[in-house]
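What follows is a pair of complexes built around chain A, which joins chain B in one and chain C in the other.
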Partner chain A sequence: MARVVVDVMPKPEILDPQGQAVANALPRLGFDGITAVRQGKHFELEVADDVDDATLAKIAENFLANPVIEDWTVRRVEA
Partner chain B sequence: MARVVVDVMPKPEILDPQGQAVANALPRLGFDGITAVRQGKHFELEVADDVDDATLAKIAENFLANPVIEDWTVRRVEA
Partner chain C sequence: MRVGVITFPGTLDDVDALRAVKYADGEAVPLWHGDHDLKGVDAVIVPGGFSYGDYLRCGAIARFAPVMQEVVEAANKGMPVLGICNGFQILAEAHLLPGALVRNHKLHFVCRDQWLKVENNTTAWTTRYDPGAEILVPLKSGEGGYQANEETLRELEGEGRVVFRYVGENPNGSRNNIAGITNARGNVVGLMPHPEHAIDALTGPTDDGLGMFLSLLDSVVKA
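What follows is the complex of A and B.
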């Protein structure tokens, strides 16, 4: 059993109102020095050992991310 | 300028209907061997060099996560 992490982020040219809202709020709340915030999704998958990287790439591209507006990374982590 | 990543996940005892929906859909779509999926949030912050780890911990705990129902990790990555 392996653990796989998929991080999905809006592409740089896509507006990110959630991240923007956090970035705008922090100085108002007394935290300076945070110049940008972007918010995406973080998936943790428990995967059987016989699932290969190509399958994981397909799952991430087709079902976890929207390739039109999002970038994503897939990485295996120690369980 | 440093880059900081904050990952926020629902605590293990908290139901995660989004992750559950993905986990249930994958076998139907022909992908077997994914035994669990949990979905959380992934934040990427651009941070000035003089922002220390204690400040980052406070930002994550107070504004990015809900400590009642979520766990979170803060890590610096190379820019």
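What follows is the complex of A and C.
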């Protein structure tokens, strides 16, 4: 078994109102100096050893992310 | 005219959609998400709600339901398909319509009666409207912001495929004030507002939405 991390982020040109709301809250909470926040999704998959990278890319591209509005990355990490 | 209305886990507006079909003198046929079966219908409505709890993304899981595989196949052969609200999100996720729906720009869930301008009255669902007609129907969504890349927007605008546009202040940050679009063929239409809630002045703000279901009747009878 391996652990695979898929990160999904809104594309830079897509408005991210949730990230903006977080960014706007920070100064109110007394945290200055943070100029922008973008909010995405982080998936951790426990994957059998025979699942290849092409399959993982397909899962990310066709299901975990919507490529119209989101970019994704897949990486294998130490479990 | 037999019109199917799909129920997914978490669908809310299937009952009103079935009722709207009956108001237009159609035979309303309930369809189940888990069936590979359209029950011989002439058209399909994918109604609003929160299919699969909106988990992952709105419509992302519903898109893979067995019944949706049949809908995609039938739509590609020309069957009229209408997606309302969550149904629009599902049709976008299923690539029957371009673009995507994202969180409203001001983050609030919007629930109000909304004026729309009918910009394309040649689709299977809009022939009963005069071009440029303004209609008042409910809008109730938290993720109704229509997003697409510049090339797609140019294509939609250039080919007259923006079917409905918000009148007045943009309620959700949709690009170009887009409330509803159609595919190149004009048989598939998706919109965020709810025509099925505006078919009788007794229960809705107007009966302006009924025209969509009467338009369908015309297109099915003609076909």
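Here is the rule we go by: the second predicted complex is superposed on the first by the 79 of 79 C-alpha atoms of A that agree within 3 Å, B and C clash if a C-alpha of one lies under 4 Å from a C-alpha of the other, contacts with A are read in each partner's own complex, and residues count from 1 in each chain.
What we mean here is this: a contact is a pair of C-beta atoms (placed from the backbone, for glycine too) under 8 Å apart; a residue touches a chain by one contact, two chains touch by 3 or more.
Predicted, not measured: the structure shown is a model, and the values here were computed from it.
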More chain A residues in contact [chain B versus chain C]: B
Partner chain(s) touched by A:Ile14 [first = chain B, second = chain C, both, neither]: second
First (chain B), second (chain C), both or neither touched by A:Leu64: both
First (chain B), second (chain C), both or neither touched by A:Val22: first
First (chain B), second (chain C), both or neither touched by A:Thr55: first
Shared contact residues on chain A - chain B and chain C: 63-64
Parts of chain C lying in touch with chain A, wherever the complex brings them together: 56-57, 60, 64, 92-93, 98-100, 102-107, 145, 147-149, 173
Residues on chain B engaged by chain A in the complex (per definition of touch): 1, 7-9, 19, 22, 25-26, 29, 31-48, 50-51, 55, 58-59, 63-64
Chain C-facing residues of chain A, complex: 10, 13-15, 17-18, 21, 63-64, 66, 68-69
